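One chain, subunit A, appears in both complexes that follow, with subunit B as partner in the first and subunit C in the second.
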Partner chain A sequence: MTAGLMKMLLRYSPLLILAIGWELVSRLGLVSSDALPSLSAVAAAWIDLVRDGDLVSNGLSSLYRGGAGLALAIVIGGVLGILMARWKPVNVIFGPIVEIFYPVPKTALIPITVIWLGLGDGSKILLIFLGCMIPVTIGAFNGARSAEQALIWSARSMGADRIRILWDVVVPSALPELLNGIRTALALAFILLVASELITAQNGFGYLIGSLGDNGNYDAMYAVVLTVALLGFAADRLYQLLMHEMLIWRH
Partner chain B sequence: MAALDLAPPQLPTVRALHAALRVSARVASVVALLVAWELLARSGLLTPYQLPRLSTVLAHIWSDAITGDLPFNTAVTIGRAMLGFAIAASGGVALGVAMSRIPLARWFFDPLVSIGFPMPKIAFLPVIILWLGVYNVSKLTMIVFDSIFPVIAATIIAIQGVERELIWSARNMGAGERELLWQIVLPAALPQIMTGLQVALPLALIVAVLTEMLMGGYGLGAAMMTASRFANSVGVFAGIVEIAVVGYALVKAMALIRRRLLIWHQEAAEPTA
Partner chain C sequence: MAQIVVDRVRHLYRPPRGKPVLALEDVSLEVREREFLALLGPSGCGKSTLLYLIGGFLPVESGGIAVDGKPVAAPGPDRGIVFQHFALFPWKTVRGNILYGLERQGMPSAERQKRAQQFIDLVGLTGFEDSYPSHLSGGMKQRAALARTLAFDPKILLMDEPFGALDAQTRHLMQTELLGIWQRTPKTVIFVTHDVQEAVYLADRVAVMSARPGRIKTIVDIKVDKTDPGVFKAKAFVDKVDEIWNLVKEEAIKAQVEHAS
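Coming up: the complex of A and B.
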């Protein structure tokens, strides 16, 4: 127990060193406190932001946008990718379109989603949906394509119909790659969310960062920036745990 | 593999026909998409603001090309993305090598990389602006900051995966540490490092466009944002077409370079789907 704790401490000690270094640099006045407020000031600002509810209310609107866009992308992208892998006509129609949209920098879609749906939640959900759909589709496609033909044949010979084969054979084989695609999408969702909120929004994390920065309230701006960054990190770690649980049957 | 191929040998003409069919099917679906755009825009279901005609957008791109705005902005964006990518690629490989071989470097950077990789780095943009302003240096910093992580991770995994036998035999034959690194470890690790670079390049372009959109200045992203501010939807759609073409070209070029560089590696002999 204590040995494990010591190991953790040793592993993450560089972070501790950086944190102490940060505090010292701004305490000693090596850089101006506007450019780099001390870590303790940032922590105090964070507590204030949580207390007056700004962080939570803006966080909830961001969570709603990100969650809705990502959920749509997972459902529609997953179905599309599996259909593309199993039925040739679907692949012929959508394959080249996916291939063309794959390298497009998704953030460039921000002004277009604004033209279509305005400045509110809708345009951000559409943006996150469009951006996140591509990696999910590609993951589902590659995974479903790798389903062993022998398994499909034996399921068919045992009398399974198409839907049943899809659900019991193809989807489980596609799962590892599909889950990897969703992991990429999760990271992308954070990027698209923050970027679109920095450009145009009336609330949300990105908006909060922008407005605090404009008002010169740098302690609080740093607090929100670090919150978003750590949330992105935590979401990825949680997702990895979930992925591990879901794939445990594959030994 | 060839011994298992039970399909009857195809005549070259049949194979060529198949290939031609495949290519035309792909082209057809893209053309269908473009035609659908033009028809939808002409149908009157959407206002020209919501969806300008493709022909209008192409005319806008053409006039931008003639005035020199388009070549200039394209050069600025690609140049910025490539410079950032080059710094991230060399720095990422160097850091990955250092972390693989020097325990102290590994101890210090490992937690930073494992926390920094999945972070949405774009959230730090206002901080970078605060420190470095809105000009070239801060844009480049963001590009490097974002695209260096996949290179570091790929380099570490690649070096871990180099066969021990290869290293032992090189040592036996009297290779020094330096020769070992340059002649054995890095070439053997190259395919996986390239995979990391192939992730980093589109990322560099994404961040280049995004920083231009957020900080202004020159470049395709900035031009698109300017059009957006003036509610010039033709300009916005022209921007997305230009950025899409640049993105597509860069990704294809990178795949080509990979095939050239790895021509000696067994993966080059495998059929590419």
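Coming up: the complex of A and C.
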């Protein structure tokens, strides 16, 4: 355990050096404290933000939007991708739509989702859902298409029907690529969340960053930006652990 | 009456791109119950296609195939299949793979567990019950696949070059074990191979197929004493291998020429 801890410390030591460098640069006055407040000042602002509840309440709003959008994308995107791979008519109908939609910068849809669903949670959830669905669908599609014929035939000869084969053979075959797609979607969810809240919102991380910046409260603004960055990092690490657990048969 | 009757089957292979290819032309074959039949031929002759048709994995478009008097329309648990590349579910352990077939057959849980263990022991995988296929050697994977198929007790065993991906020593070991299992369990086996020695060693009869389009060229009866440990050097064995090799040789050359063109 201590060896593992040492290894982790060593691995993330560049971050520690960066933090020390940051502190020194602003302490020595090499950069104006408006452009880059010292790390200690940011930490102090962070504690204040947590104490008065701003960070938590805005964070919960964001978490709800991100979680709901991502969950919808995983369920609907996963089902759609697998059906597209296994059932031609579904592919004929949805294939071109996914293709056209793939390269669209999803942030361009922010004003549209606002027109449709207003300034509240709905427009953010819709945006995150639309953006995250693409990598999930593509992952599920490619994964399901890679399901081996011999595995499907084996299951059939053992008495599995179509639905059984879909669930027992196609879905597990698709899992590695599907889980990779979800990982991309997870990162995308953070991007779309903060972007949409920065532009139009009354609360959430993005809103908080924007309003603190507008008021010149840069220490606190940095504190929120750092919080979002660390949350994104933690979510990805946790997700990788989960993925490793789910694909234990591959290692 | 024969258990498996293949009657004037013709099969067109339609690749996703390009022109359809005539894979089988007018193939007729009868296999008796409990018989071990080898389907031997050069690569691309359609021997695997014939096996998949009997298995019900491919539709019979022209001619007919019947098992126990009933036309084959779909795969069924009366015909178990073993593939060259094992086709084990990689996300299931050895035990999980074997249990799967038993589950699909609706066997009660306690009985499933007992039966799975019995077949794990039979193929010599005791101690590897909870290993995933990715942790097993090729030979062990094929043992697991064989156990999975034997466990749900199909009357007919369809084997598609099952030992083709194994090294020479493992292959020989598996051949001997398969013979032992076949002698103990009453099953009909159709065994696809392009290895003449293997066919002569394992089978009661060897059906030699022509190069594409596949036809049954001759069927050779094999009468060699397989219990003899020196069987591979016995004159009767060597003569049979020579006889069949001469039949296959010209087809193999034809197949090569076609590949090159």
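Simple rule for what comes next: the second predicted complex is superposed on the first by the 239 of 251 C-alpha atoms of A that agree within 3 Å, B and C clash if a C-alpha of one lies under 4 Å from a C-alpha of the other, contacts with A are read in each partner's own complex, and residues count from 1 in each chain.
Here, a residue touches a chain if its C-beta (ideal position, glycine included) is under 8 Å from a C-beta of that chain, and two chains touch if they have at least 3 such contacts.
From a predicted model like this one, the values you see are computed outputs, not experimental measurements.
Visitor: Mind working out whether A:M158 is in touch with subunit B, subunit C, both or neither, as first, second, both or neither?
Guide: Touch partner of A:M158: subunit C, not subunit B.
Visitor: In the overlay, answer first, second, both or neither for which of subunit B and subunit C A:I112 touches.
Guide: A:I112 sits against subunit B, while subunit C stays out of touch.
Visitor: Counting residues of subunit A touched by each partner, does subunit B or subunit C come out ahead?
Guide: B
Visitor: Just subunit B (first), just subunit C (second), both, or neither: which does A:W249 touch?
Guide: The answer is second: A:W249 touches subunit C but not subunit B.
Visitor: Please indicate which partner A:K7 is in contact with in the superposed arrangement: first for subunit B, second for subunit C, both, or neither.
Guide: After superposition on chain A, A:K7 lies in contact with neither partner.
Visitor: Check whether A:L175 is in contact with subunit B, with subunit C, with both or with neither, and answer first, second, both or neither.
Guide: Once the two structures are laid over each other on A, A:L175 reaches subunit C alone.
Visitor: Of the partners subunit B and subunit C, which touch A:E148 in the superposed model: first, second, both, neither?
Guide: second
Visitor: So subunit A touches subunit B in one structure and subunit C in the other; where do those two contact lists coincide?
Guide: none
Visitor: Which positions of subunit C touch subunit A when the two form their complex?
Guide: Of all residues in subunit C, those touching subunit A are 52, 55, 57, 74-77, 79-81, 83, 85, 87, 89-92, 100-101, 104-105, 132-134, 148, 152, 154.
Visitor: Would you tell me which residues of subunit A are touching subunit B in their complex?
Guide: Those residues of subunit A that touch subunit B are 10-12, 14-15, 18, 34-35, 92-97, 100-112, 114-116, 187, 190-191, 193-195, 198-199, 205-206, 209-210, 213, 218, 221-222, 225, 228-230, 232-233, 235-237.
Visitor: Could you please specify the touching residues of subunit A with respect to subunit C in the complex?
Guide: 148, 150-151, 153-160, 164, 168-169, 172, 175, 248-251
Visitor: Over in the complex, which subunit B residues touch subunit A? Could you list them?
Guide: Residues 25-27, 29-30, 33, 49-50, 107-112, 115, 118-127, 129-131, 202, 205-206, 209-210, 213-214, 221, 224-225, 227-228, 233, 236-237, 239-240, 243-244, 247-248, 250-251.
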